[in-house]
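Paired with subunit B in one complex and with subunit C in the other, subunit A is shared by the two complexes that follow.
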Partner chain A sequence: MNNDLLTLAPLITVVVGAIAVLVSDMITPNRNHAPVAVALAALGATAALLINQGGSSASALGGSYVAGPFVAFIGLLGISIVAITLLIAPAYLAARKYPTAELSATLLFALAGAILLGAATDLVTLFVGLELMVIPGYVLAGYAKRDPLSTEGAVKYFLLGSFSSAILLFGIVVLWGVAGTASLSGIATALASGKANAGLAVALALITTGSAFKIAAVPFHYWTPDAYQGSPTPITGYLSVGPKVGAFVLLIKLFVIALAPLAALWIPVMVVLAAATMTLGNLVALTQSNVKRMLAYSSIAHTGYLMVGIVAAGAGEAAGIAGVLFYAAAYAFMNLGAFAFLTALQGRPGATTQLSDLAGLGRKHPRMAILAAIFLLSLTGIPPTAGFFAKTYVILAAVQAGGPATILAVIAVLNAAIAAFYYLRVIVYLFMRDPAEPAVQVAEGPMLRAGLLIAAIGTVALGLAPTPIIEAVIQALAK
Partner chain B sequence: MSQIAGHLEPYLVLSGMLFAIGSFGFLARRNAISMLMSIELMLNAVNLAALAFGAFIPSLAGQGAAFALLIIAVAAAEATVGLAIVIAIFRNRKTPLVDEYDTMRQ
Partner chain C sequence: MPILSLIIFAPLLGALGIAFLPSSRPSLIRFAALGVSLVTFALSLGMLLGIRGQSGEFAFSEQLSWIPSFGITYHLGVDGLSGALVVLTTLLSWICILASFGPIQTRVKEYFISFLILETGMLGVFLSLDLFLFYIFWEIVLVPMYLIIGIWGGADRIYATIKFVLYTLVGSLLMLVAILATAFSHQAATGSWTGAFDLLALRGTITDPTLQILGFAAFALAFAIKVPMFPFHTWLPDAHVQAPTAGSVILAGVLLKLGGYGFIRFAIPLFPDGAHLFAPLMIVLSVIAIIYGALVAIVQTDLKKLIAYSSVSHMGFVTLGIFTFNQQGVDGAILQMLNHGLITSGLFLLVGIGYERTHDREIAKMGGWAVRTPVYAALFGFFLFASVGLPGLSGFAGEFLVLLGAFIVNPMIAGASTFVMILAAVYLLYMYQRVFTGPLSPFLKSLGAKLTDVTPTEILTLAPLAALIVVFGVMPTLLTSSFAKSVETFLMSAISVVGQ
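Right, the complex of A and B next:
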């Protein structure tokens, strides 16, 4: 029992931290910075506990929660995402008279879900972790409750999110019944011994559909652009990386671990979905004049690149998972950075994020524009940024895996070229156009600047020194 | 162990039918509250399947009820958040019909 509590310490710390945030807000209401400070302290404590557990393989809850390097990696990535969001959001929310306490607590609850998802070794824990991570996301999407766009995005996100959860859950329950065990590795063993039947086919179809909704793969992506465009900008940043990274952890655990013996069945489906996701995401992003909506479509394209790594991993190439995890880390920093930049441009309520609003920003606010250029170059995949190595690792893994994955690698490279057009167009507006007439008011502040800087450091550091991270990831997977 | 009479298959067929009705309701209804109710029906179909597997498959004996209880808890959390969101948008738009939530369509 004592050991259980020690193993669960990071999870407990996050939840206690979330409750402490709410209590601190009750004691000193309307202080915008106190809840954020409490939340950041909880994040620091959790990070320390996770690093401390990095080498162990202790289990808790009857073996359904296993601590170790994989959880440490996912947890630390989640902590970075939540910390950057907490740094960039307060100024934006304060200008629109929305509180920060609820944001801090909700983000911490979602982080608890992500940690549980990373540590889960059975279907039940996996599902509870997933829901604990996504339900706070619905709340966050509707955070600006007096703004019709925010609530509209939230309602679409919620309805399609819970519909897909129900489909995924039905698939999980059927898989659990057919395999006769909830344990992920137990399912792989049961399936390998050849118990193929109609139930398994139903389970596979439902799980694939449900997961495709969760990662926003084409043709199950309809909720994404509206949910992302409607949400308050810093929250869109979080929604585009946090739940996405979590959903890919789910994919790794369900497909690459539990359903590995059925790889021959799901790889062709995943290849088609990935190709469609990359291509459609990029083509529609090309036509967007609103940068926020453009980034929403580009996040769909990034889902496609991440799926390339899943396909490679399914085909037996261990570097595929490492590629997915490295991509997830790189994507988290660069995409959150791009949204932090948009947040800075929207210091004034009602400020839009049209491409024309960005014109000439490089002259008036050179530092801000240079940071934006770093994030955009990384999203494009230009060396020596994180995005370049992320794409390289997943594509390389796909080439090594061979078979249908090779075709996918070619499609991914072609797509990277399409994506370059719309990312670089933003840079052209920033540096080579005359400034917009009513000049955009850029918000500055120590917290916003810190958030931008952390995202930039992450993007550049993962690009300049990718080897230690990728080695850490491979080590984490070996255990 | 089996406290439910009969065979596993009829329960799964019933569960599948309930799930299909729920999915149809979600796709066919245009009222946000009806869609939420359809999702609840789908989750209850899943609960029935979980209980049936737990009752009839020896290696899962006793796990079915635990799984179903967790699903009920998750469904309750989802319904709470969902109703709150629907109330928030109703205050902004004065309509529960999702067809009319189309400000961002391009």
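Right, the complex of A and C next:
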């Protein structure tokens, strides 16, 4: 029991941190910075514990929670995502008179879900982790409760989210019944020796559908643009990164580990979904004139690129998972950076994020515009940025896997060219158009600046010197 | 001393330094940029002198581990071919920076920073021997060029610059897939990532026939768009017309050469069998480009567009020469690259000088310019005759050798291409006659005293080009001997590897 508590220490720390945030808010209500400070302290402690556990393979809860490098990687990535969100959100929320304590606590609960997801070795823990991660997301989407758009987005997100959870859960239960075990590796063993049957087909169909909803793959993506556009901008940044990374951990565990013996069945489906996801996401993003909505659609496209890695992993390439993890890290920094930039533009309530609002920003606020350009170039995949190396990594895995994965790789790079059009169009507005009248106000407090800077450093460092992260990723998978 | 790294990163360091200069002092920024580019030029000249003394295929090699998980290294090296192109780049860079002193009056700091980053990217492409490193520099070139056309270009600049980037990206992204496939095939064959991205380790080892064909196709598409070969040339006239003068010069002088260089250094040595398979197609497309470019140039009404199309025609000789796979053809192709870099750059500079005074490039509005500005007219005439291919000036030797090489392969092709030398004379001389001879046109007359002759600074930008055109025209062997070893290696590496 004592050992269990030690193994679960990171998870417990996050939850205790979340409660501490709420308690501190009760003691000194309506303070904006205190809850964030408490949350950041909890994040720091959790990070230390995770790093400390990075080399171990201790298990807890009867073997359904296994610590180790994989959890450490997912946990640290989650901590970075939450930390950047906590740095960029307070000023935006304060200007609109929304509290930060609830945000801090909710994010920490979601992080606990992500850690549980990363550590899970059986279906039940996996599902609990998933729900613990996504339910805070519904709350956050409706954070601007006086804004009908935010409420609408949250309701859509919640309804489709719970609907898809139900489908997924149903599939998980059927799979459990067919395989006779809830353990992920046990399922793989059972499936490898057993024959295909109708129950398995149902399970596979339900799990695929449910997962596709969670990662917002086309044609299960309809909730994304509304949920993303309605939410407060920094929260949209979090929603476009955090739950997505979590959902891909789910995909890795379910498909690449448990359903590996059925790879021949799900790979073709995944290939079609991936191709449709990136192509449709990019084509619709092309037509958007609102930058926030454009980023929402482009996040659908990035889902498609991440799925390329899953396909490669299904075909037996370990580099596929490594590519997904690297991509997730790169995407977290560059996309949060882009949203941090949008947040800075929306310092005043009511400020919009139309493309035309960005005109001439390069002249009025050159530093901010250059940071934005770095994030956009990285999202496009131009070297030497994180986005370039991430794309290279998943494509490399796909080329190694061969067959349909290679065709997917070609579709992916052609999509990157489509994406270049709309990302570069933002740069056109930033640098090549005359300033808008009245000029957009940029609000950057020290915290927002720190968030932007962390995102920018991550984006550039992962591109110029990807080796440490590559090694962390490879180590995370070596077990 | 890592001289190649110094050459590549000197402009980037200069750009970083300039970033800290105050925007309120544009002339300080201008001279700082000029200084940086002159230092880089001097370094590259030093390198050129050193190449001959070095043994081995590549001189001044530098190799450092970069991403060891995939065997990606920071591998640089220079030979006669890349050495000549590096010096062309550093020469045109300082000329362009000097030529931008007058025309660029807005956002001076950003302009020169972009330009120096561009120089770093171009030099990196020529000096990389690791495919991954090469690809990174290849893509880095895009960004500053995108900004230079998009910010300091003409009225339709945004359309032109996006077209330029998208065309190039489509080609280069497919090349990335091919690079990764090549690296993986090496890893699969040897069981290790060591050398998987290294040009020298990969050359002659790709024996998978499918990879030979698809790999070549992907590389060739990227390079064909850059050269640009027919039918991928449509971005070029737009980009040239909208770019500021220095942008046009560097585009014609160096960026197009990245494509030709890519064929010689990467596409063909890595995928010789694919290259031989596609050679007939490449030759046909080259001949079409040569003739089509010249025919379209005849009917152009805009001076810059005329020279842009003449570039399509001239660059057709480069690809034609490369795909003859014989010494004359390849010698000629490389000569043509270098000479086109000198001559067309000069023509774009001259058009820019004229535009500074008239703010117009419409041929129909001109006439009798020589009456008012004899020196300008004479310089224009000089570069024009070099471009036509007048023997004694450098344009002649390259085209002549390419035709000789083509004749060995197929006399018909050589015959068809020879006609274009007449067409070139037609479109250039016809243009010269309309713009410079006859009575002064009402439009030019209306400019009055604004229509001044070339200034000493402008002569300073043109003089080095003119001098080199004469020197290399009289003694083309100065150049051919400098890259003879590169051509020899190239021809050896262009021999089939599949089925041996």
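Everything below uses one rule, namely that the second predicted complex is superposed on the first by the 478 of 479 C-alpha atoms of A that agree within 3 Å, B and C clash if a C-alpha of one lies under 4 Å from a C-alpha of the other, contacts with A are read in each partner's own complex, and residues count from 1 in each chain.
Criterion: a residue touches a chain if its C-beta (ideal position, glycine included) is under 8 Å from a C-beta of that chain, and two chains touch if they have at least 3 such contacts.
Bear in mind that the values here come from a model prediction, so they are computed numbers and not experimental data.
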Next on the checklist: Going by the contact rule set out at the top, does A:Glu131 touch subunit B (first), subunit C (second), both, or neither?
Outcome noted: first
Checklist entry - Any idea whether subunit B or subunit C touches more of subunit A? => result B
Next on the checklist: With both complexes superposed on chain A, which partner does A:Ala166 reach: first (subunit B), second (subunit C), both or neither?
Outcome noted: first
Next on the checklist: Quick one: is A:Met432 in contact with subunit B, with subunit C, with both, or with neither? Answer first, second, both or neither.
Outcome noted: second
Checklist entry - Touch check for A:Lys156: first (subunit B), second (subunit C), both, or neither? => result first
Next on the checklist: With both complexes overlaid on chain A, does A:Glu444 touch subunit B (first), subunit C (second), both or neither?
Outcome noted: neither
Checklist entry - After lining up the shared chain so the two structures overlap, which partner does A:Phe388 touch, if you call subunit B first and subunit C second: first, second, both or neither? => result second
Checklist outcome for this item: Residue overlap on subunit A between the subunit B interface and the subunit C interface none
Checklist entry - Within the complex, which stretch of subunit C touches subunit A? => result 66-70, 107, 135-136, 139-140, 142-143, 146-147, 150-151, 157-158, 161-162, 165-166, 169-170, 173-174, 176-177, 180-181, 183-184, 188
Next on the checklist: With touch defined as at the start, can you tell me which subunit A residues reach subunit C in the complex?
Outcome noted: 363, 377, 381-384, 388, 392, 395-396, 399-400, 406, 409-410, 413-414, 416-417, 420-421, 424-425, 427-428, 431-432, 466-467, 470-471, 474
Checklist entry - In the complex of these two chains, what residues of subunit B are touching subunit A? => result 19, 22-23, 26, 32, 35-36, 39, 42-43, 45-46, 49-50, 52-53, 57, 59-60, 63, 66-67, 70-71, 74, 77-78, 81-82, 84-86, 88-89, 91-93, 98, 101, 103-106
Checklist outcome for this item: subunit A residues touching subunit B in their complex are 124, 127-128, 131, 135, 138-139, 142, 145-149, 151-156, 158-159, 162-163, 165-167, 169-170, 173-174, 176-177, 180-182, 225-226, 229-230, 293
